[in-house]
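Okay, so chain A shows up in both of these, paired with chain B first and chain C after.
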Partner chain A sequence: MKKNKNWFMLIAIMLCVLLIGACSGEEGSEANGEKAQVIKVRINDDPDFLDPHLATASISFQMILNMFEGLFAPETDGSLTPAVAESYELSEDGLTYTFNIRDNVKFHDGNALTVEDITYTFNRLMGAENGEPLSSDFNNVASTEAPDADTFVIKLKEPNSNFLYSLTALQSAIIPASNDGNQNDNPIGTGPFKFVKYTPGANLELAKNEEYWDEKLPYLDKVTFVFQSDDQSALMALKAKEVDLTGVPANRLAEVENDFTISKQNNNSSLIVTFNHEKEPFNDLRVRQAINYAVNKNDIIDAVFSGYATPTGSNMSPAMGDYYKDGLQDVYARNIEKAKELLAEAGYPDGFSTKISVSSHNDMYSNIAQVVVENLREIGINVEIEVVEWGIWLERIYFGRDYDMTAIDLTGRPSAYEVLNDYISTNDSENFFKFKNAEFDQTMADVLKEADRDKQIEMYQRAQEILTEESASVYIADYQVLWASGKGIEGLKSYPFWFHDMSEVRFTE
Partner chain B sequence: MKTLMSHAKNINLVLGLLILLSFLVLMILSFFYTPYDINVMNVANKLKGPSSEHWFGTDEFGRDIFSRIMKGTQTAFFVGTLTVTIGVIFGTLIGGMAGYIGGWVDEVFMRIMDALMAFPGIILALMLVAVFGPGIVNTSIALGIIAIPSIARIARSGFIQHKEFEYVLSAKLIGVKPFKIMFRHILPNVSSPLIVAASVSFGVAMLAEAALSYLGLGVQPPNPSWGRMLKDSQAYLTSSPWYTYAPGISITFMVLGFYMLSNAIRDIMDPRSN
Partner chain C sequence: MAYIIRRIILFVVTMVLVSLITFSVFQVMPGDPIRIMLGTEADETQVETLKKQLGLDQPLYVQYIDWVKGLVTGDLGESIRFSRPVTELLADRLPVTISLALITLLIVVIVAIPLGIFVAKRQNKLSDVVLSSATQLGMAIPSFWLGMLLILYLGMNFSFFTISGYVPWTQSVAGALGAILLPALTIAIPQIAVKFRYVRNAILEQLRLDYVRTIRSKGITEKFVMYKHVLRNSMIPILTIFGLITAEVVAGTIIVEQVFSLPGIGQLLITSISYRDFPLVQGIVMYITFIVVLINFLVDILYSVLDPRIRLN
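Our next item is the complex of A and B:
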C-alpha cells in the first residue's frame, strides 16, 4: 500500500513539472501575432566595466557601445561618420578642431546634451581636475574650449592625422556631468539603447532609447546580452531559441549551417606567432626569417580555423580596405630549404631549442602552437609548448616580456595607426615584442603630421612592408568570426573591431 | 599457480586481467613502435574516419588517432602508478600510525585526513595544479595526495583491530620495536583491503587524470592523453563522432578493467567467500 502511494506521488510531481513546463513554454512566444522586437545575444563573458572610460576589454565594448556615442562614430569600413558632432573644421596649421554639436541629442535620463557635458567628458579623460588621466590618448591636447552652446573646440600641441579616431565612443564616449561617480553602476549615454540592468555572471539588459536623435532608430525594443562562455551550451541555447544570435567556432559551423543564418565577419585581428626580439637567437633577422619560411600558414588555417581565415603577411587585415598592403602574404611562402640555409647562415645549422608560451583561455593558441612545433622541427628547431593561464600570460608575457615565443591575436581597431602602433619602439605599453626599427618609428611619426589621405595610405603601407621585411612576427591570418542567427533577423553590421551593433537590427518575421 | 587456476571461473578476474593485460601490451609496444609518428601532422588528411590505414581515423591535424591512443596508455599507467604509490605509502603510514598509536596522534592525523576528504577530490587537484603548475608529474602528485585519506582510513581500522590480537601482544612482550611490529607483523595481515583500495584508486586516478587533462590542466600538448583527446574531440562531436569514440572507449575499458580486478581481489581475499 505504502509503495503505491509513493508511485502516486511521483506521478503527480511529474505531471506538475510537465504542466509548469508547458505553461512557461507558451509565454512570450506569441505577442499580438507579431514578433516582439526583443533580441537575446550570447556573449562569451561579463564586461570588465560598464563605464566606457574605464572599460578596456574588447568584450565590454562589444556590448556597451550600444549605449554610448562619441563626437564621431566608426563605420563598418573603418571610416568615421559624425555622431554627437554634426560637422567639424580643422584649422590651417592642423592644430585646432572646431566641432559643431548636434542639437537634438538627449541623454538617457532625459536631459539634453550640452557642451558642458562634453567638456566634462574630456576633462575626466585627461584628468584635468584630479591630475589622473583615465586615458593617454589625449596627452597631445593643449586645451579645450566651449565658445557657445553649439561649439566645442580642441587645440592640439602637435598635428595628428589620427586624432579624430580618438573621438569615437571607443575612446571618448560622451557622458553627462550630472552622473559623475555613478557611471559604472548606472551608465548613461546618448546611444540608441539605454541601460536597464546588469546581473553579473548572467546578463546585461538594454532597452530602446525612445528619444534617440536619429528618429528611425533603433528598431528593437529590448536587447539582452547573455553571458555564456561554453560554445556547446551556446549552440544548444541557439537551437532551443533561448538566444537569437551567437558566435560559432568554425569547426562547429556544420551543426547550425542549415537551420540558421550564418554571417561571416573579417575580424581585423592579426593572428601572430611572435618572438622576443631582445632574446637570442631571435635578435637575428635570419633566424626570424627562417621561422617565417618554415611555418605553414595554410595548415594552421585549415586545422585550427577549418579554413575560415584570410592569410596575412603583415600586421594588417584586408578588412582595413585602402590601408591594407596586398601581396605581403606571399613574401614568406613556405620554403624549408631556404629556412635551413638562413638558419645555417645565422650560425644555427643544427637548430636550437626554445619554448612557446601560450594562454589557455582559448584552445586556438595551443592548437596553433602544436602546428608551429611540428613545422619548426623540420628545420631542426626544437620547441616546447608551455600553456599558462590568461592572467599569467598577460602578466609574464605581455607586460613582463619574459618569454621566447608566443602566439596571440592582436585585436583590430578602426584606425590604421592604432593597428600598427604596437611596433613603435617607444610604445612601451604595447610593444611586447620589443621590436625596434628606426625607419618604422620615423614612418609612424611622419604619418601623424601628414594631412593628405593618399600619402597617409602610402606611409601605412610602407610601415607594413617594414614589418614583413624585418620579419617582426610570423603573420598568420585574420580569422573570420562566424555568427549564427535565427531566421528573420536583419540589419546585423560587421565592423573592423568587436562591436555587436544592435541599432539597425530587427525581426522581419 | 594452482590457486590462480582455481579462480579461472571468476569472470571479474579473467575479464579484468584480460583488459589490463592488453593495455599493458599496448603500452610496452608503444615504447618501440606506433603505426605512425604520434606528432607528425598531415592537415590535408584531417578528420578522416576509420580506415585500414588509420584504424581509429585521424584528428583535426591529420594525426593518427590509434597511435596517439597507444601512446596515451603510457600516460594513463604513469599517472595511475605514481598516484597509487603516493596514496598507498602515505596512506598506510598515516593510517597505520594513527591506528596503532591511537590517542592524540590518531586524533590529529585523522582530523587532517577528514579535512582533506571534505574537499571534493577534483577541486583539490585543481587547486594543487593551479599552484604547482600543470603537467603530468604535478597532476599525479595532486591525485596521489587526494588518494591518501581513503587509504589511511582503511589502514587505520585494520591496525586498530589487529593491535589487540595475541600475536601483536606477544611481539610487544618480547620487546619488538613498535615500528617493526606495525610494518613487519600487522601490515601483511591487513594488506588485503589495502590492495583492493589501491586497485580502485588506480582506476579513479586514471579517470581524474582524464578529467584534469580535459580541463586543460593535466598532460600538456602535444603529448597525448586520453582525457585531452576526449576534450579536443568534443569540438567535432557532430561532424566526426569516431574521434570521440577512441579515447572514450579506452578510458571506459581501462577503468572497467581495474574495477573488475579489484572486485575479483576482494572476492578472493574475503575469507567468507570460501
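Our next item is the complex of A and C:
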C-alpha cells in the first residue's frame, strides 16, 4: 500500500512541475502591455540558397530581399527607386551608366560599403575572375569601373532599356568582398534586416539592422520565417497564434475571414493553359483559337480561386500598370459555335484526343485541368489528365518539352521585358511553348534599343497583342494571393512579384 | 562472441544492400536536383556552374563511389538542397525524432500492457468485447486524420500544446512535451489498438498452461500469479512484438512529422526525396536502417536476459 502512495505523490509532483513550466512559458512572449515587435511569417518552403547570387526560386527572394539591396530597389507599382545608388546618369549613346553611390551605407557586419564591394559583386556575377558566371544577366556588360570612392560605372556592349531592372537585389544584390565564400552560410547584405540563423526545414531568423541607412526603418526587432508546406496546418498555427501571417487558399478564406485581417495581392503571375506549338494539332492557329474560345476563364476563376482572380487575355497582369494592354481579355469571349467551326476548318470536325500534364505540388493545377477537360469536351476534344510530381514536370514538360498541354502560372517579375521574354523564339531556356513569331521577336529586340518610355510601352503592348492574336496560350487570369494576418499588424506592402517586405511592418496597440 | 560477429556482418550486408537499392531507385527516378531547387526561373549559366561545383556533372555511379568513400571516413557528404553537411542536418533533427519515438514507445508500453492484462482477466466479458470493437476503430483511423483531430480538440484548446514546430528539451521541458505529446499520441493510438490484443493473447495462452493451475492450487493470490509468473512468461512474445513496433513507430514519424511540422528525420526524408537530394536521402536511409537493425539486435540480446534458457548461438 505504501508503495502505491509514493507513486501517487511522484506523479502529482511531476504534474505540478509541468503546470508551472507551462505557465511560466507563456509569460515571456507577452511582455508588459506593449506588444513585442516580433513577427512570425509562414512560408511554404525553404529558400534554395541564402546567397542572393545563387538563389533563383521566387520563394527565396520572398524572404531574403529583406536582407539585401541592389543599386536600385523595385517599388510596389513596378517602378524602380534608388537604393545603394543615390542617383545615376546615362550617356547619350545609351551605353554608359554612371552611378553615384550613397554615403552612409553599412553592411550587417558593421563595415562601410565601398565601391570595391560593388566591383566584387559584379565580378562575381559575371565570373570575371574564375570564369564561372553565376548569371547570364550581365553578358551585355562590356566593363565596370570605379573611378572614385563614390562613383561606379558600367559600360554596355549594346543599349538595353531594361538594364536598370537587372540592378535590383533580385539579380545583383550588393555583398561585401570580405565575406567571399561564406555568403551562403552567413549571408551579409545592407538591407533592413540581418541574418541570425537558418534551421533547414524549420525556420529562418532575421533581426533588425540597427545601422540601416534609412534611420526610420525598420520597426520590427525580429522576423522569423517559418517553413510549413501544409495549408491546413498553417491555418491551425495561425489560429493558435503560432504564426502572424500566412497565405490562405481562396476556398478556405471563410475559416479565417472574421478573426484576421485579410489582404489581397495581385501577384502579377500569368496563369495559363498552354500547348506545345510544335506538336500536332497545336501547330494550327485555328485549333489554338478554338481551344481559346472553348475554355471558360470564369469557370476556372470561380471553381479554383473562388472568384479572387483577374481575367487576362495575354501574358501580362493589370498589376504591371502602364505596360498592361487592356481589352485583350475579351478577345476570346466564350463561343462554342465559333470554336467548333474553327476546329472543323482545321480538319477536326469531330475533335481529337489529347493529354494535359500538370504538376502535383499544388492542387490548383489539377483543379484547373478538370475545368479544362469539361470545357473542351463540349467541342469534341477529349482530354486526359496526367498528374506528375513537380520534379518530373520540370524535367519532362518545362525543360524536356515532351507534352501536349499543360497548366502553369508564370511567376511575376518587376520588369515588363522579363514578363514577356519567355515567348522569344531564341529564348531556349524559358520558351517551353516553342512559340515562334517573327514580329514578336523583332518587337522584343527593338524595345531594348528604345530609350523613350512611351514608345517602349507601345511596343510592349503590341507584343501582348501578338500573343493574343496567335493564341500562344489560353491566358486565364492573374490570381490574387490572400494573406491572413493577426489584427494590429500594419505596413504590409504588396509587390508585383513575391516579396514579403517587412521593413515597414509593425504591431500597433 | 561468434553470434555478435555474425550479427555485425549481417548488419553491414543489410546496409550495403539498402544503399544499393536506394541508389538504383535514384537512377531510374526522373528529376534533376538542381532544376527542382531552382524551379522555372533557373538561369542556364547558373545551373551549369552549380552542377560543376556539386559534382553532379559526374555519372551517378561515380557519385555513388565517392559517397561510399566518404562513408568509410564517416563523411556522409553534403546535401544538395540545403548546401550543408548531411551529418549536421541529421544531428539537428535526431533529437526531435528520437524524442518522438521514445515517448511514443513509452505511451504504447504503459497503456498497451496494462490494458492487455486487464482484458485478459475479463475474457469474453463486456469490457473485453467493447475494447475489441474499439480496436477495429483504432486500427482503421488514418494517422494524419487522427493528428488533425488531436490538433483541433486538444491543441487548439490548451495552450500547453504547441501544434507546429519543436521546442528543444534544453530550452523548456514543458515546451518540448507540449510539442511532442500530441504527435506521439497520434502514432501511439493505432499502435495501442493493435498491440494490446497481442498482450492479451500472450497472457491467455500462459493462463491455460498447467503451471498456472498448479500455483493457483497452492493458494497463491491471483495478483501474484499474474505479475510474478504469467506476465514474466508472456514477456518473450510481447518483446518480439514491441521490437517490431519500433520500425512502425519510425515509419509513423514520417507522416506525423508532416502534420505537426516537426523538424525531424521523417520530414527531412520527404523533402530530400522530392528534391532528389541523393546524399541526403542516402544518409537518412542509412540512419533508419541502422536504428531498426540495432533495435532487433537489442531485442535478441534481451531474450536471453529474460529467459536464460535461450542461448545466443
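Brief remarks on what is shown
In this section, the second predicted complex is superposed on the first by the 486 of 509 C-alpha atoms of A that agree within 3 Å, B and C clash if a C-alpha of one lies under 4 Å from a C-alpha of the other, contacts with A are read in each partner's own complex, and residues count from 1 in each chain.
Operating definition for what follows: contacts are C-beta pairs under 8 Å (C-beta built on N, C-alpha and C of every residue); 3 or more make two chains touch, one makes a residue touch a chain.
Predicted, not measured: the structure shown is a model, and the values here were computed from it.
Aligning the shared chain A places chain B and chain C next to each other free of steric conflict. In the overlay built on the shared chain, the residue A:Ala303 is in contact with chain B alone; chain C does not reach it. Touch criterion met: A:Gln232 reaches chain B and chain C at once.
Once the two complexes are laid over each other on the shared chain, residue contacts for A:Thr411 go to chain C alone; chain B is not touched. In the superposition on chain A, A:Ala333 makes contact with neither chain B nor chain C. By the document's definition of touching, neither partner reaches A:Ala112: not chain B, not chain C.
When both complexes are overlaid on chain A, the residue A:Val196 reaches neither chain B nor chain C.
In the superposition on chain A, contact of A:Ala451 is made with neither chain B nor chain C.
Touched residues of chain A, counted separately for chain B and chain C, are more numerous for C. When the two complexes are laid on top of each other via chain A, the two nearest Cα atoms from chain B and chain C are 6 angstrom apart.
Comparing which residues of chain A touch chain B with which touch chain C, the overlap comprises 232, 389. Contacts from chain A toward chain C in the complex involve residues 17-18, 21-22, 25-26, 46, 48-49, 54, 56-58, 127, 132-137, 184-185, 199-203, 226-230, 232-234, 236-237, 239-240, 242-243, 389-392, 394-396, 398-399, 408, 410-411, 428-430. Interface residues of chain C facing chain A in the complex, by the touch rule stated above, are 30-32, 35-46, 49-50, 52-53, 79, 81-84, 89, 92-93, 148, 151-152, 155-156, 159-160, 162-166, 172-175, 177-178, 258-261, 263, 267-268, 271, 274-276. On chain B, the positions that touch chain A within their shared complex are 39-41, 43-44, 46, 60-62, 130, 134, 216, 220-222, 232, 234-236, 238-239. Chain A contributes residues 231-232, 249, 251-252, 254-255, 296, 298-299, 302-304, 360, 363, 366-367, 369-371, 373-374, 385-387, 389 to its touches with chain B in the complex.
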